[in-house]
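Two complexes are shown next, each including subunit A; its partner changes from subunit B in the first to subunit C in the second.
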Partner chain A sequence: MIAVLATVKGPYIDWSALSPVLALLGGSVLVLLAGLLRSRFTREQLVPFLALAAFGATIGLAIWQWDADTLVVAGAMRIDSLTLLSTLLVCATGVAATLIAWRGQAARELAHGEFFALMLVSSAGMVVLVAATNLVTTFTGLELLSLPLYILCASMMRSERSLESGLKYLIIGSVGSATLLYGFALIYGATGQTGYRAIAQAIVTHHVAGDVLFLTAVAMTIVGLAFKASLAPFHQWTPDVYEGAPTSVTAFMSVATKTAAFGAILRLFDTALLPAVDDWRPVWIAIALLSIVIGNVGALGQSSMKRMLAFSSIAQAGYLLVGVVVVTNLGVQAVLFYLAVYLFANLAAFAVVAARERETGLGDDIGALRGLGARRPLLAVSMTLAMLSLAGIPATAGFIGKFRLIESAADGGYTWLGIAIVIGSMISLAYYLPVVAAMWREEAEPALAPEVDTRTGLPALAGGSPEADRPRAGWEVQLVALVLGAAVLAFGIFPQPLFDLVQSAARGLGLL
Partner chain B sequence: MSITTSAWLVLAMPLAGMLVISLGAPLWRGKLAGWLGTLAITAAFAFALITFFKLQSRPEDAKVATSSLWDLANVAGVHIRLGIYVDPLSVLMILVVSGVSALIHLYSVGYMASDRGYTRFFAYLNFFVFSMLLLVLAGNLVLLIVGWAFVGAASYMLISYWYRRTTATKAGIKAFVINVVGDVGLVLGTFFLFKHTHVLDYGPLFKSVHVAFSKNESDLVIGMLLILVGAFAKSAQIPFHTWLPDAMEGPTPVSSLIHAATMVTAGVYLIGRLHPFFEWAPTAGDVGAIVGALTLLVAGTIGLAVTDLKRVIAYSTMSQIGYMIMAVSSAAYVGAFFHLTTHAFFKALLFMAAGSIIAAMGNEQSLDKMRGFRRAMPFTFWCFIIGGLALSAFPLMSGFFSKDDLLYLIADRGGWYWVLYVAGYVGSLFTVIYTWRLIFRAFWGEPVEQAVELEHGHLWHAPHPFNPANGELEDTEVGFPGPDHHIAEQSWQMKAAMGVLAFLSIIAGVLELPFNITDALGKFLEPTFADSIVAHPENNSLEAVGLVLSSVIAIGGIWAAYVIWVQRPGTSARILERTRPLYELFVNKWYFDELIELVVVRPFAWFGRWSRDTFERIFVDGALVGGTSGIVRAGSAAVRALQTGLLRSYAGLLVAGLAAVVLYFLIRAA
Partner chain C sequence: MTIHLSIVLWLPLAAGVLALILPRAIARWMSLLGALCVLAYAIVLVADYDTARGGLQYVTDVVWIRSLGIHYKLGVGGLNLFLLLTTAIVFTAAALWSALREQDIPRPGLYAFLMGLAESGVLGAFLAQDLALFVVFFDLMLVPFYFLTLVWGGPDRGPAVLKLFIYTLVGSLLMLVGAIATGVLAAKGGTPTFVLSDLVRHPLTRGSQEWIFLVFALAFLIKMPAFPFHGWMPDGYQQMPIPVLAVFTAILSKVAAYGFLQVAIPLFPKAAVHFQELVMLVALASVLYGSAMAFTTTKARLILGYSSVAQLGFIVLGIFALNQRGGDGALLQSMNHALVAGPMIFIVAILAARAGGSEDIRDMGGGAVRAPVLAAVFLVLTYALLAMPGSANFIGEFFILLGVFQSKLAIAVVAFAGVAMAAVYALRFYIRSMHNRVGADVEPREISLRDGLVLVPMMLVVLALALYPQLALKRGDRAVTRAIAGAKLVQVNNTLAADRPQEAAR
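For the complex of A and B:
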């Protein structure tokens, strides 16, 4: 036995560089164990706190490692500032989603411990996905992030829609994963390599760029990743899953998954498949255009906020892809910058939706937002900023994000893709602005505006009303909305810190 | 504290004031908002003083300091910083702007006391001061344009401040539209400069002028003319002046601050700031000088005829700014900025005094209805006299020295500039006569009912509040001047502000006395204008002639006005009869409104109607909008139709998409 151990030598592992992933995984074990304790306080207060602590610790470790650029676990992963920036974004999303979920129904039904543990595991999967520098690790990361999400989507076990959402995601997601895996297998077949750098070399030395096997492999890889990033025409699961899943999970999924998927796309296509850029670029361009069109026209006329945001996220992913296809350092910066501002705006919007879901009984219908400006001005301001940012109105971070994407497109010789972004944004006004109008211009639905006794603060009529019977959404959800709304505004006026951040992160890919 | 830190604080104070006043609006009771606003601006003035002393303590060759907080944009060769440029010129401007603003805030604390929009007023006013300071401190043309647009917006909000009055809202719109025309000119002009110099920051910009352009090159001249459009619109010069008299619909402190002392002088500042370009494009400079001269004459004649108290002073403002534009375009910089400073004092004072009379008249502004306020309002009367003497360049008053300095420096250039010199003195005569016509008509003669009532100690109130411009009853909810009136005699805040300004109107001349007795301002501004290619040699005899001429005109004019309106009251009617056509021309403001209506508004309106009826309805609405929105709607329906909710169809589409992508690659490989 000892002899065997002596001969099998594990690879050298740089534990400090790996620490962000370890913190997430360790946190998930801790949260899962704590969730087993019977005390209600432990389950409902301590567990979410532990989850927050795990996310916080990961953020801290990522900042500590910021200047690192090392290959870990025998070259399976690369911890550089691209990985770390993605880690920061994923964990920020995790913090927001944890706060939104904290006193929500979904976490309760999944007994808290499991819910937050799954979220942490999924986050770890995202970090691994972005960090991965060989195909096996990439796929491992992908599954590590996907499997917990399937469960999270179905976490409201008594809600038919939630179950439907989880099941749909599982089945269709498996198709996507299978396609990707097949693609990876073919890449290995064509190049004989699994490491990214080795693949890139093999493409050049073996002249496989025009090879049928290799091209089929690239096609399947593109489809698999496009599916994860919910890009058209592989987007169809998105509206159904987003709508059915608990809002906290949708919020987490819409931002963190997208961050991880784009991180992986950047790393895979801008390093491993870079020599074959002329092969894959037209396909990504077509997918980007389709996503911009389908996302934007699909969002028109949706009355469910979550469905609308699902389609909007498809369009946003299309914009992001523009930064990928130009294959320049500027493009990478633009993508990362946009991911950050997308995080602020989207999470703020979901936080408001979650808050109103709990307060009104109208679910995620746009009706729940009607008249919000007069009654809850702070929430309405956050939502307004989020919508304006997603639409790319100046003085919000979204404007600067889109500006940078268009700039990178023009800089890379794809000005017409920049124009596509602008046209898409124009269409998007037709569904973002009605939300703003509903909040500020319309009165609340009569059933939702109960007469309130000014003395007691209780509804004047016995029997109450849908709104008054429900508790106000907790301070933590409003805090998320407010902080992120403020971030939208702050980075819209003063984007420099974010510029610096993405600049150093984009350096890792080594593009010019 | 470094010089730039204190300059940033000058900017920060009014911004903070605005935010605090507007965000805490429900909390401010009584006059608290007013005091907060005044405090913020006073603090800004204090920091402006600190900046001034820091600048003075610097060595002669280091009178420029720049600082930038962060990059606003750095793409495609355009580098825009949020930066400021502190040099003698901008420091002079921040001193004048924040100083006069502080006094006018103080005045407003009393004057606006019964207005129901009190808090809103001070929020706007602070915003204005912030914008104006941003304009003068901006370190590059982009930030200047931002400040430029901000003051336009502030001006619009304050003109339309009493928004229940249709006249006020219309005047606000007019001012805004004309100013936007100017903004467009300024932006386009900036583009012409940028196209050749590739920089926007002042320092490199001024250095590049002789490199990037040849003298009087067409692109440079076009650019500078476009920038002049911006300057003319903001400074109410012909033909962009028609908004200024209408802007008198705003509250009187606004007229005093924005439409007399500060904002309307922005054009003068702009030309002075960009003087290396104007000197390198003499054609544009000459256009500026001629337009300034025309404006001072035209506005002076209109001032002789109109009877609305505030509008007379407004035309006087136009005319005085005409002097400044004329001077600054003829490279008489020190004279122009000297006059800008003294004018800010005495014109603000005159407006404040006018506000006091208007309050005593129960918001009535027509001179025809005012008479004999001398005994009823002694303080206002003396302020008016001091302001009037300074405005009419009466010997030893501040206006006497500044106007003389200005005209002397113009004449000094010789050649056809002599025409401008003569125009200046003709304008002076107009100035004296309309000023003293105003004073004699308002303060001399048999007291009117309102004056008599005031002599007995109570303020006259109209039975029903009404809009003096068109006589309609006020909607008294909010957005009207308030039920009570406030006059200087009864409000110490107004008295204090006016007292300080009266004092300054008298003595501000010591900054720059003739024959180089003192040359404080000239010395101070010298670093800014050191690169000027126009030399100004000493010419004491010319200066002496000017002083004598000025005194004669002032004393003679006052005497003439006294004869016409006090000694022989019928004279003005007789003159009017004999010169009816001229009077018609003047009282109708040279028909500029009608001309603009005919040349600009009507053709555009006709074209607009035509395009709406034909082009827009058929092509745009029908084909373009209908077609596009139809396509989008159909696309939306198609996307939603595909969204069946059935798993098998989703998987099917996924596989179909995969097949399409693989097929593409295979075709490509083959």
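For the complex of A and C:
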């Protein structure tokens, strides 16, 4: 027996290239086990710390592997700087979301261990999804990403909205997955291949571009991915799910899922389906325009911050698609740059929302932000920078991001899509600015009407002063808001380091 | 002597940041100190600028964002030299006005910071010699005004300030696309550059020039504002706090006028010639509409608001005469109007304080009783506003009309009506507020020392410019020639091309 084992050569495994994924998965197991321990300290302090450590280690490994460009697992995944940049973005989001969730309600209800383990598994799924160069791996990554998120959305088990959100996400997400899977099956049917490079060759040699079977396949793939990236008209789940899910999960979903979905879209469409660009480009353009319009119009007049940010994320995804449809290296760079910028602004905004949620008892209503500028200027400045960045005002990173996107559109001969982006931005001012106005206009103290103790969920004791009794959000949530707010400003003024980063990441796709 | 423009550009913001950190009592004076330093610097610039050599001087040029091809290029030339000085003067006046009114401005640190950011933004827009940098500052300077109005504005400021911001940003954002397209198209596949002097050397095709020019023109016309695009103006003017409004009406509109001379006409000469008449008609409509509204409204702020619509109409007329006289006049008039409109806003506040807080001229009257100094200052400014012969405004308007007369006779004839109407609204404002019967709630009294400190120096500047307008005209002359040179060449070529078929027929 031993002799046989000695003669059989195991497959070569490139441990170092796989290390970021392994760190995330290993971390999740560790976190899950630590969560089983009885001690309260372990569960409430050690578990989030371990989760942070896992994300941190993954970031370290991704930086260590930065110059790698290898195919692993028999050509099913490609670890290149596109994958690694997405890993960085996903893990940065993970760190922020962990800090926001640390002393929140959701993690407590899901016994801490499970909560953070699921977040780590989902992150691993995101890395796999971006790395995938084979339809089967793509789908595996997608499911690995989605399944934990369904549970995370429903993690506030005593809140009806959270449960509703989880269920809604599960049903609609499954429809999206099924559609995507059908699309993949048809791609295989049309080309006889599952590997990305082989598909690209088959499209050319078999002349399948324009073929009905192939067109159906591409259409279903696009629909499936549009569901995941919450692009209009497949976005209906987004506002409800974002609103119902715990804020930390919403923050994680809105940024990390989008990063992964766009990484996958870039890799699938700019390599495997590149020869059939004329088949899919008009569809993505239509989806981009619809998303810009529906996202921006839908966000108008929302009083729930999470709903507003949900619609805004649909619009932002529409802007991102512009970088995809031009199919140039510049476009890829623009998408990656904008994803990073979107991360800073969106997470800063969610951190402030989470902080105020715990401090006021008004939930994520815009009223919770009223008068913030006078009383909590640092939080208000972060939120202001986040809103201005999402709107694309100069001196914020969002402006540079939009600049790059519009430049890539003009460069690729789609200047009119650039105009669509700025028209969207104009509409967006009408919902970003009221948030800013609510914070800075000198106004009465927020109506602290629902006197509910956020820790116990019970009505507050009579005779207590609302402001003094109210817990101030933990330092970690404020830290997230401040650091990311500062990043918005810093990269708005000195964006070159970020440009260098995305430049090398975009090279992996080999577009001109 | 070497002068670093970066210092003058960022000094107000630095003073503002300091004010944010320092205790309240010092904060108010920090922004004044910053504005005064900028003023001193601007005076040194004017004195030191080598008129004989002309062209761009004190150039700072470093790469800002390599991947986007954006340079941080600043420079002073004939076009912006005096606009910089004007900006410094008006901001100093506004800072002094605010510093002397402690009770009107709670949160002085934040106020000083935003005013500093506003001044840096405006100076940046004037100094930028890179198209993308210009757009950045053009958009950025609006942000502090949003907050200044939001926090310290009138009671109905909420919707007004949103309208103002979105309205003006509509133009700016479209301009952003235009600017990027200019850089990308001019590079013809290479790495785009946005440095203005490079872009002028690589003109775009006529089709591209036309749509990009229209986008730029829209942005500038909204910011001015010109007639069909002035929708944000009445509400915005009513809600802005006084010193902020003084800066806004005096300076921000001039950035737009400057934009035509600095960016739109040199970069898109073919389009400028093609759309010359269109823009002139818009300007003419602004002159007529603005004047007509100014002598029908009774709200003092709106009289000045609509008068500035009309005055800016004149400036655009001068610019789009596309000849030397018109351009010179427009540049001089930009400076004149800023120096008159700023103090006029302060006078509105002074009059309102005497009329029981009402800014309606029907509630005013008899303000000149026992107030000879106030009446004299106001009268000088009124004469300047209506371009009385002897004032620099007269010289400016004269040049403008001369230029328009030479290029488009019919438009000049109609525009003359605007001069007469200016006299109507300016004198109506003066007579209704200073003369007539003393209003029911009016308590006429002399100008106080703190108001005098702001107004009298500004009036002296207006008088000085009236006596020696050549100071500005001489330095701007050659820069104007250069700005419209491309457009002139296009005009000449067009005439030649129009003549040629006739020769062939013969």
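In the analysis below, the second predicted complex is superposed on the first by the 477 of 512 C-alpha atoms of A that agree within 3 Å, B and C clash if a C-alpha of one lies under 4 Å from a C-alpha of the other, contacts with A are read in each partner's own complex, and residues count from 1 in each chain.
One rule holds in what follows: a residue touches a chain if its C-beta (ideal position, glycine included) is under 8 Å from a C-beta of that chain, and two chains touch if they have at least 3 such contacts.
Quantities reported herein were computed from a predicted structural model and do not represent experimental measurements.
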Side-by-side fit of subunit B and subunit C on subunit A, or clash: clash
Partner chain(s) touched by A:Ala185 [first = subunit B, second = subunit C, both, neither]: neither
Contacts of A:Gln496 with subunit B and subunit C, given as first, second, both or neither: both
Partner chain in contact with A:Ala53 - subunit B first, subunit C second, else both or neither: neither
Contacts of A:Gly418 with subunit B and subunit C, given as first, second, both or neither: second
First, second, both or neither for A:Ala437, with subunit B first and subunit C second: second
Which of subunit B and subunit C A:Ile172 touches, first, second, both or neither: first
Subunit B versus subunit C as contact partner of A:Glu407, first or second or both or neither: both
First, second, both or neither for A:Leu71, with subunit B first and subunit C second: neither
Steric overlap of subunit C with subunit B in the superposed model, located at which of 189-197, 315-323 or 495-503: 189-197
Residues of subunit A at both interfaces, subunit B in one complex, subunit C in the other: 407, 410-411, 430, 496
Subunit A residues touching subunit B - in the complex, by the definition given at the top: 168, 171-172, 175-176, 179, 210-212, 215-216, 218-220, 222-223, 227, 233-234, 236-237, 239-240, 279, 282-283, 293-294, 297-298, 300-301, 311, 407, 410-411, 427, 430, 494, 496
Subunit A-touching residues of subunit C, taken from the complex the two chains share: 65-68, 106-107, 132, 135-137, 139-140, 143, 146-147, 150-151, 157-158, 161-162, 165-166, 169-170, 173-174, 176-177, 180-181, 183-185, 192
Touch list for subunit A against partner subunit C, complex: 333, 373-374, 388, 392-395, 399-400, 402-404, 406-407, 410-411, 415, 418-419, 421-422, 425-426, 429-430, 433-434, 436-437, 440-442, 495-496, 499-500, 503
Complex contact set, residues of subunit B against subunit A: 70-71, 75-76, 632-633, 635-636, 638-640, 642-643, 645, 647, 649-651, 653-658, 661-662, 664-666, 668-669
